[in-house]
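A, B, C, D, E and F label the chains in the order they appear, each numbered from 1.
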Amino acid sequence: MMPELGKYAGVVLSSWGLSIGLIAALLALTLWRGRKIKRALAEAEARAAEARR
Amino acid sequence: MIALLIRDLKLAFRSGGGFGLGLAFFLLVAVLVPLGVGPQGGTLARIAPGILWIGALLACLLSLDRIFALDFEDGTLEILIPSPLPLEGAVAVKALAHWLTTGLPLAVAAPVLAVLLHLPASGLPWLVASLAIGTPALSMIGAFGAALTVGVKRGGLLLSLLVLPLYVPSLIFGAEVVRRGAEGMAVGTPLAFLAAITLGSAASLPFAAAAALRMSLRQG
Amino acid sequence: MLRVIDLACARGGVPVLESVAFTLAPGEALVLRGPNGIGKTTLLRTVAGLQVPLAGRIEAKPDRIAYAAHADGIKATLSVAENLGFWAAVHGQSDIGPAVAAMNLSALVNRPAANLSAGQKRRLGLARLMVTGRPVWVLDEPTVSLDLASVALFGRAVAAHLAGGGSALIATHIDLGIEARVLDLTPFRARPPGQGGIATAFDGGFGDDAAGAFL
Amino acid sequence: MSLWEYANPKKFMQTSGAVLPWVAGLAAICLGTGLIWGFFFTPDDYRQGSTVRIIYLHVPAAMMAINAWAMMLVASLIWLIRRHHVSALAARAAAPVGLTFTLIALATGALWGAPMWGTWWEWDPRLTSFLILALFYLGYIALWQAVENPDTAADLTSILCMVGSVFAVLSRYAVNFWNQGLHQGASLSLDQRENISNVFWLPLVISIAGFVALFVTLVLLRTRTEIRARRLSALIARERLA
Amino acid sequence: MIALLIRDLKLAFRSGGGFGLGLAFFLLVAVLVPLGVGPQGGTLARIAPGILWIGALLACLLSLDRIFALDFEDGTLEILIPSPLPLEGAVAVKALAHWLTTGLPLAVAAPVLAVLLHLPASGLPWLVASLAIGTPALSMIGAFGAALTVGVKRGGLLLSLLVLPLYVPSLIFGAEVVRRGAEGMAVGTPLAFLAAITLGSAASLPFAAAAALRMSLRQG
Amino acid sequence: MLRVIDLACARGGVPVLESVAFTLAPGEALVLRGPNGIGKTTLLRTVAGLQVPLAGRIEAKPDRIAYAAHADGIKATLSVAENLGFWAAVHGQSDIGPAVAAMNLSALVNRPAANLSAGQKRRLGLARLMVTGRPVWVLDEPTVSLDLASVALFGRAVAAHLAGGGSALIATHIDLGIEARVLDLTPFRARPPGQGGIATAFDGGFGDDAAGAFL
């Protein structure tokens, strides 16, 4: 049930698309880097624990 | 050769420099000009082609001293000259790396900034085309200028002074392409000249630059 | 391998050394000595082809010489391995392993060069020399900042290079602990042109001035 | 127990780990409600037609763009005065989020301007000052990345943030002085509720709440990552020395 | 303090840098803009105040990294910090030296270039006045930016990115003074703002810059 | 004159030395030794007040310390006299004569620093130290590039400084020929935090991660 956007459909949809796209990109980047660093840290902690033993 | 290209690109990215900052400067010029000139749309549209090209030129210029100065300071050039790499090739590769990290991003980003300056939409494709075709010449000419000033400490401003006059033909033809494109006129002739300048400098300036480098370094 | 005949060299347009002559055969090392400012750096740069000689000749294939001064082309943002790998690629070599091992850099390979101490950086500069694969080493004060253990390491590396048929020309103030001829440069200091030294283009006076020529 | 204890990395990791799911959930709920309501169930404005739907993104993004900078300013001051690492890292984490919101405000504004003002971009004071704000964000982020030592980077960016704030306010007045502008003034303050009709008001407020929660979520996530990255580099440095 | 000023001026003159080159760059911008924009007198006159101010700003910018970078590289700063000179004073003196070798010559030379750009004669005195009053702020803000980027290798472009937004208020008020002057309107308000920015920066930024320098150098 | 108590210092955020302690009385010199990378440079910078200590205290008036590293604030375009004159003015001194004489620079006073050889430049750097008029010298590898005669010259200058009631803290790999206590830094290498070493802000782990907290 898409609302009737009339002659401004292009403008409205592209601004919504762009905004949601930017937020999604930022969120994806945040999560991706978070995972990456978390994994690397877990490995480093394991190595450090190994070294202590 | 490829090792040199990869190294130069790596250095440009790592230094947090090259790339993003050339773009940022281009953006700044596009922002400051309306602030200085005043916001009347008509005036801005009229000067937009020239200002965009001047912005690209200055953005290019500011990163020129990276081409050789760092390699000179840390002794890389002294080792590179007697190395098996032909110096002409090394110069060309370094200019290419400069273009990839400066000129190319400028050409890609230019349309966004053109909107800020109210450039008519019909001019946008020509803006990108003229920058894509014209900026390699800026990098190559810049590499030549950088080679001339490499022995001079903090030669940045001297470099600008030497290089800017050499940029004049590219600027005139490039801005003309955009202006004609924006007004819907034929752009063939200035575009051809622009391409000719790029080809000519790519074919001849590496030799001049390599010679200049050899001489700068030979000073006892 | 390298033959220097009656060489004179200048710094900043002023002759500093003259009549320098020596030969360097494969497997041989020559140590240059002399007080500060005598012209060791100038001579080495001339031999390496970075300066033109004022007089005399240097007989050597320039593509056999590897020159190393204090500024050794090390990029601070690249890691030790990346730095060495680049120079190896430029010289058509591919294996940096032996150089890393010889200069005791194994623990540091992934460290950015910016984070090395003065001596560690110096060792990296010497490792760079090894990846060039060139037989004639021309070294300007290679052991600056090195501790005693590293100096010994360097001495062994030079000895291995010589044993492999290479040769080395080294300017230094300290004792490297390698077997080498020593050449003291003091006697080769350039004399003023009046006493038989080499005259440059503007060393002649202008006879007409004394005669009171116009202006 | 003092509030400053939360500035201890370990304590912060525990607390933020516990809080995160709730804030993230709140963000999802508010954004979902506000945006879906705004997009699908509000009428067209009599003057602006369907473009009024842009308001649900434009206004919250614009508000958060400024608030993010304010948060960075506070965090920078805390770092300079009390030297709590978490606070510096939170400022660092907030900058890209603020920049994204600024870009959204700019992009939606530009798209909105095309039908309303007949131009994509106008050198209106509010628009111009947002562009300058984006530049401040860029410079701040670039400085963080350029300085190698993380504590030094925190020091320098904090000073930049302080001086930059002063100049940002100054340029806001400068551009105002230079051009009166097309952009409407504030119409959302609570006591001026009648300026914007009720149908648009409630979904807008919910969207704003959603953007706030989204900002907090993103900053918490990113701060946690920054803290882990510091711990990681500490471990790696120890390994090297060993 | 005076020894430092004299030394900085000496260095600027000897390096063949500072001074002449800032001017030359200003000249080049004034020449390139008509080339890029096209020679219509009306347009040029309209944009002249803004372009001249932007030219001055860029000329200033290009020599900013000289303020501290050379002293950082050769260790002077490390010695200066524990020296009896208060660092705040040293920063202020260095900014002053930068202004004397860059801003002041620009203000003096500006009328000549203004003629190239068809600025109406009534604007000339205000051009000189606005540059003379406004450029000290540019040097001081620039010194602050240079202090922030001093530890960054070849931080030139980063410096531009940090400093240019800080230049915006000066640019707007400065160009406004010239525009109003050229049109014969009252210039009091923008001139007062310009002076306020200069005074404010001179009074507070030396402290911020000195703090930034101490922090940059303290990085272990 | 200088007293260092239980000092720990870090480089790049990583502790390198800990529990360093020594005192330096007037007329006394202390030579720091240790292999490359142990942390001599880091310690000297900390003592000179260019870095903050990680732990411990340094008891000294900062305005009594003169620090000299490799980069010694010499401007290439200024002459030897101008360089020295500037630093003298900064420190409120006016006479550069004794420093010039002590470092045997009389023949070079009007030469631009760019035209000096490596060793001559080093001598200029040491002369700079003398015009500061400060009693505590903190020197990082001061004799790099110096020939034997210049090393002796430097040794005599240090001895004169000590005789005049000054003191000196010197990191070096070579023998300076002066009477001084020697402190080897090897035993002070920082231990990991698990073994009793100092912990930095990020040396503690985050217990929750192991427990699999949300993200």
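Just so it is clear, contacts are C-beta pairs under 8 Å (C-beta built on N, C-alpha and C of every residue); 3 or more make two chains touch, one makes a residue touch a chain.
Everything quoted here is computed from the prediction, not taken from an experiment.
Enquirer: Tell me which chains count as touching both subunit D and subunit E.
Expert: B, F
Enquirer: Have a look and report which chain pair racks up the highest count of C-beta pairs in contact.
Expert: Contact tally peaks for the chain pair B-E.
Enquirer: Would you mind pulling out the distance in Å between where the CA atoms of subunit B average out and where those of subunit C do?
Expert: Between these chains, centre-to-centre, one finds 37 Å.
Enquirer: If you average the CA atoms of subunit A and of subunit C, how many Å lie between those two points?
Expert: 54
Enquirer: For subunit C and subunit E, what's the span in angstrom between their mean Cα positions?
Expert: So the centroids are 44 Å from each other.
Enquirer: Could you list the positions in subunit F whose residues touch two or more of the other chains?
Expert: 12-13, 70, 205, 209, 215
Enquirer: On subunit A, where are the residues touching two or more other chains?
Expert: In subunit A, residues 31, 34, 38, 41, 45 touch at least two other chains, as defined above.
Enquirer: What are the residue numbers in subunit B that touch two or more other chains?
Expert: 15-17, 21, 24, 28, 35, 38, 153
Enquirer: Under the stated contact criterion, what part of subunit B meets subunit E in this complex?
Expert: Checking each residue of subunit B against subunit E gives 15-17, 21-22, 24-25, 28-29, 32-33, 35-38, 43, 46-47, 49-51, 53-54, 57-58, 62-63, 65-66, 69-70, 152-158, 160-161, 164-165, 168, 171-172, 175, 179.
Enquirer: Which positions of subunit F touch subunit C when the two form their complex?
Expert: Residue list for subunit F touching subunit C: 12, 34-37, 41, 70, 115-120, 122-123, 141, 144-150, 173-174.
Enquirer: Could you pull out which subunit F residues touch subunit E in their complex?
Expert: Against subunit E, subunit F makes touches at 9-13, 42, 45, 48-52, 62-63, 65, 67, 69-75, 77-78, 82, 85-87, 89-92, 128, 132.
Enquirer: Quick check on the complex: what are the subunit D residues that touch subunit A?
Expert: For this pair, the touching residues of subunit D are 39-40, 44, 49-51, 53-54, 57-58, 61, 96-97, 100, 103-104, 107-108, 111-112, 114-115, 214, 218, 221-222, 224-225, 228-229, 231-232, 235-236, 238-239, 242.
Enquirer: Taking the complex as given, what residues does subunit D use to touch subunit E?
Expert: Checking each residue of subunit D against subunit E gives 132, 135-136, 138-139, 142-143, 146-149, 151-152, 155-156, 159-160, 162-164, 167-168, 170-171, 173-175, 177-178.
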